[in-house]
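Pasting a structure here, questions to come.
Labels for the chains are A, B, C and D, by order of writing; each one numbers its residues from 1.
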Amino acid sequence: MKSSQRIEFSSDYNEGAHPRLIQKLVETNMAQTFGYGLDPYCDEAVEIIRDLCGNRDVDVHFVVGGTLTNLISVAACLRAHEGVISPTNGHIHILETGSIEATGHKILLIQGENGKITASQIDREYEEYCNSDARVHLVHPKLVYITHPTEYGTLYTKAELKAISDVCKKRGLYLFVDGARLGYGMTAKGSDFDIKFLTECCDIFYIGGAKQGALFGEAIVVKNKNIADGFRQLIKQRGGLMSKGRLLGMQFSELFRDGLYFDIAKHANEMADLIRTCLKNAGIRFFVENTTNLLFPIFPDDMFHKLSEKYSLTNFSRWNESSSVIRIATSWATTEQNVNALIHDIEEAAKQFGAQLAKVA
Amino acid sequence: MKSSQRIEFSSDYNEGAHPRLIQKLVETNMAQTFGYGLDPYCDEAVEIIRDLCGNRDVDVHFVVGGTLTNLISVAACLRAHEGVISPTNGHIHILETGSIEATGHKILLIQGENGKITASQIDREYEEYCNSDARVHLVHPKLVYITHPTEYGTLYTKAELKAISDVCKKRGLYLFVDGARLGYGMTAKGSDFDIKFLTECCDIFYIGGAKQGALFGEAIVVKNKNIADGFRQLIKQRGGLMSKGRLLGMQFSELFRDGLYFDIAKHANEMADLIRTCLKNAGIRFFVENTTNLLFPIFPDDMFHKLSEKYSLTNFSRWNESSSVIRIATSWATTEQNVNALIHDIEEAAKQFGAQLAKVA
Amino acid sequence: MKSSQRIEFSSDYNEGAHPRLIQKLVETNMAQTFGYGLDPYCDEAVEIIRDLCGNRDVDVHFVVGGTLTNLISVAACLRAHEGVISPTNGHIHILETGSIEATGHKILLIQGENGKITASQIDREYEEYCNSDARVHLVHPKLVYITHPTEYGTLYTKAELKAISDVCKKRGLYLFVDGARLGYGMTAKGSDFDIKFLTECCDIFYIGGAKQGALFGEAIVVKNKNIADGFRQLIKQRGGLMSKGRLLGMQFSELFRDGLYFDIAKHANEMADLIRTCLKNAGIRFFVENTTNLLFPIFPDDMFHKLSEKYSLTNFSRWNESSSVIRIATSWATTEQNVNALIHDIEEAAKQFGAQLAKVA
Amino acid sequence: MKSSQRIEFSSDYNEGAHPRLIQKLVETNMAQTFGYGLDPYCDEAVEIIRDLCGNRDVDVHFVVGGTLTNLISVAACLRAHEGVISPTNGHIHILETGSIEATGHKILLIQGENGKITASQIDREYEEYCNSDARVHLVHPKLVYITHPTEYGTLYTKAELKAISDVCKKRGLYLFVDGARLGYGMTAKGSDFDIKFLTECCDIFYIGGAKQGALFGEAIVVKNKNIADGFRQLIKQRGGLMSKGRLLGMQFSELFRDGLYFDIAKHANEMADLIRTCLKNAGIRFFVENTTNLLFPIFPDDMFHKLSEKYSLTNFSRWNESSSVIRIATSWATTEQNVNALIHDIEEAAKQFGAQLAKVA
């Protein structure tokens, strides 16, 4: 069954899993293990991830999806009267169908720039809530949620992350980093910190699998012991504990064996770089600049429709009356052949729609 | 890596998936599809299940796990002041870490017999809540939750299910059947209805995958249009919508191709029958009698410990000071060779611990 | 015990209740009635309010406070995946400590102008949510929440309210009007509809008591039968059902006897008019113009501090580096003597701080 | 308006407030204060209650009703995966419309005897949850809820309360005592501890007002600092923070001035004693024996109907096919004249229905 006529650049989860993970699933299929993550595959994956974090004392849990991971993590951090600070374009705010509110908590928004928020914004937000005369009428900010890389594919620098971590410590806030695309961030040009440093800065974060070579699955790292207690029960309560939990352990073990996770993320970033260079050479404007696997060029609508005949791209948002922000995603599965085809067709389209392109800026 | 020294009879989710499903995953791994269940594999599985239900008008949704399926289904059915009726040993009450209460709803318990409740019990419960002077102080019963087969492996008869369905209609109650092990029930001796009849009786039910040959996944069938609205959004909100949703469609398509789902359930029941006969011949008492893949013999503790050296069995509950209810589970993956070994060892143990066995009754 | 040295203009709930209500409480104190609102006082108040609404078919419930009233009303209207549309300055969003989110629902914001939103904004918001490709990732808008008068004391016109009601009907949205200060709105200059018309337009609304002469209490009018079912149980569940519910019925009966409710609101508006005229004559700019009992002049900080020596006023928000938006509230209890004193002192202050006042604009 | 033809013995909240509280309300009605409990009346009441507790370090909050008080207190104590232990007849379980579940938490039931549970039962319950193989599938017990006096009017002894408190400390459980009728308990025959001792034993408890002379209102005492943080915000979030909060402070100040609270409770207990003696002399069996203001005699149905012509009594539960458990309540407002009338009529009825009374036992 051919599921799509067009070549997929619409997202980084259009294929199954990296062949090595599939191979592992096949080999171990008939092994008998206990369920719910109490199996040797999960045990192995936990140890590997503790090493990656440079911290043998963190708890590691595997959950089947990103929305579950976010809502469980937020619920673990907050008491009933507390809320979570998020950038205005935070995934928990805009694309998770009110999942955080459904756990009972309010999201307190900070206007991001290129998807990022700053330590001083967080500090000011805290002040405004906690030093207000109206304090009793306001929720208490207790948790900061950021994404790395952000929804716009941008990166926090080491200094920025450290500053955010410091203000969180000063204000008694927990810091939670959504790493749904962490590998793409860690291997991008300009990335200046590793998972060890991330672990030092966060109270809790997660390493995404589904968008980086796994069939599904996210690995939550819980460092702060105040959050850690009862975490497995909370995962079960919200439906995130797989009966055949070994499927998660198996995939993460394999992803981190021989650096596969980083290799395939690097590949995706390199494929994106090729497209990025082509777009720049063609004089195409970007909604936001970044160095990771998501590209946000602005295309005239006619150019988008032309390219869409052959490629599946995401129409991200309106730019003006005749053009839109387009999202192009690469992944571990993106082939150089498909990238070359896209580049060729972008170049052609840029010529064809040159007059309209000129009007974008 | 050998994950277990002992032969597994502790549950029906100790292995991966049926080889045909694994084969399908391998073959389709590099296909590109849109995410979130909007793919041809899911489309195909939906059509197959509609045929099974004998109702082209039902909605079918795929969710990654049983607890999620239960909590989403209950949340879809209830307004804030409403509660769900369940047998005292209902899975949602005893083994899901308060997931229903975490969605805001109270479980109203009816004492089951062999895991089953009756139409007249439901009718009486409704009366007690709704005709009480204290009504405003009580939640409104709006949904009935039962399991088929039950947690004890017992079956509702066609007449019993019809009676329950009728009382639900009379009282304005929704009926939700948890079919985590539905296949084992449909193919067991004494089963006298099919999925078409189940569809006629229920407002919503689900067909379990994880315990019957799939890696994971449950298929929810929503018949009542009052519940259907917004169901996909609710699945997403609670974190049950897989990004690579095709994995669910693919598995269910394959499970229902050529009757695989029923064949493997039948196999498990037959394996259980062999063990059941052996237990009966050995004069061993059962906590509950049934015809499906879960057996509940009562073993003297010494006999349990002896058998546990070689087999992984579940110590289900205490029976008296020197014996326990044991749960033995078979599955699609259970081999006749392992069953024969177990039978042989039960016979030996029954001789060895004959004096203690005599004291159980 | 003298509770405040300064004359109160900071809010409309600084005193107890109108003397006629106190008198009623005293007279009926030893009467014996059944609890939970099942008493003749509540029965009478329900009938009076049905007459006011021009609709004998509405349900009327009494709840002890505004936040409870809002959260119960929203919870009654929404299924789990649904959200409530509100102006950006909606009371439920900014001053109720996340109460709506604590019931599990997301608030979908529309930027208001002078605290009001329009029918076409609601229509567009609905479109954006429901016709989006990302729909499954978004909550479903099902309820519109507005306040009349608004938090800024402004009023919807009959035509505006009708247009909002029409778009709600077109889109299948419920309309909920928060009438915490409804009396002030109904009796203000420029008000062009009555409670009968409001009843026609809304699915649910409430008539505030605490800010308009009662010790406490709000009267919820539920017109839409889809919402009505189980409402009393929901009130009890959220803790809003008073054991001595007669206290609510008694107060509302008395408030609506001989038009007291409207007379005292009119008085408050007249007192506000006197202050408004004074402020205008003194050339003082307003943050927002209105005709009800809340005034929002912009004062230089020095002028605010000077007046604050004698009067309790609310510092509502910063305007610029040297001035703030001030809120002055009148109520049923505001005396002409105190108003005259305030007017005199505003006039003096306006002269004293004339140079700074000139810089506000 | 005469609200009831019959003399009320059905509950302890059929009248308004003690005349001294009404007098206080009248006197202070026009005083101007800030809202939300930030007023001198509340300040005074807090200080008085701290003295009563023998602990100047406790937080005291006033909330408008008992269900709100219970749900707020439970929500303050529990993280998402945690549950509350309660006797099977706990008010939060049987008469609050699922309010605890609506906050997201499961109630873990212990079978009470005469409405009481024991330290060793709590200890065993904790063991069963926390040492279970199935722990991840179970909520974590974190809070114990008991009522003093219980729903059956019975009392914990000092030794029993101390033992419960000790097991809570050993197991890391919070102890919450619902004192909706605390005064009746403290002044009953056989009561052997005071509020100071209660404060030592609990993490949080409340002193009921509505059933003991106030119009409404409960005073929550929070001793444990882990719970205290953000409590006022939580009260506001759930709608329990009165705008005219002074009404609560005023009533509690007056209730505890000159020991009024205890005097009126003592009176109610004495009135109950008179009825109790009469019932015993008439050879009437009790469903449960106690020394407080709630009596639970078992009446033949005919005798109940006869007495109900003149008196309002509560039909509490069926006893057998021809008799019921009846609840008779006295209060601060119960007059000796009415008690004497009731006694006379019980004596007459006992003679008339003597044959049926003999069949009860």
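Definition applied: contacts are C-beta pairs under 8 Å (C-beta built on N, C-alpha and C of every residue); 3 or more make two chains touch, one makes a residue touch a chain.
Bear in mind the structure is a predicted one, so any value in this text is a computation, not a measurement.
Novice: Can we say the copies chain A and chain B touch using the same residue numbers, with more than half in common, or are the two sides different?
Specialist: Mostly the same residues.
Novice: Nearest whole angstrom, what separates the Cα centre of chain A from the Cα centre of chain B?
Specialist: The mean C-alpha positions of chain A and chain B differ by 35 Å.
Novice: So what's the Cα centroid distance for chain A and chain C, whole Å?
Specialist: 42
Novice: Chain D: which residues touch two or more other chains?
Specialist: Residue numbers touching two or more other chains: 80-81, 96-98, 102-104, 136-139, 233-234, 236-237, 241.
Novice: Between the chains shown, work out who touches whom and classify the graph as line, ring, star, complete or other.
Specialist: It is complete, because no pair of chains fails to touch.
Novice: Contact residues on chain D for chain B in the complex?
Specialist: Chain D reaches chain B through residues 80-81, 83, 94-98, 100-107, 133-134, 136-139, 315.
Novice: Sort out for me which residues of chain A touch chain B in the complex.
Specialist: Residues 1-4, 7-8, 10-11, 13-17, 19, 22, 25-26, 28-35, 39-41, 44, 64-69, 71-72, 96-99, 102, 210-211, 215-216, 233-234, 236-244, 246-247, 312, 333 of chain A touch chain B in their complex.
Novice: Along chain C, where are the residues that touch chain B in the complex?
Specialist: Touching chain B: residues 36, 75-76, 79-82, 103-104, 135-140, 229-230, 232-234, 236-237, 241 of chain C.
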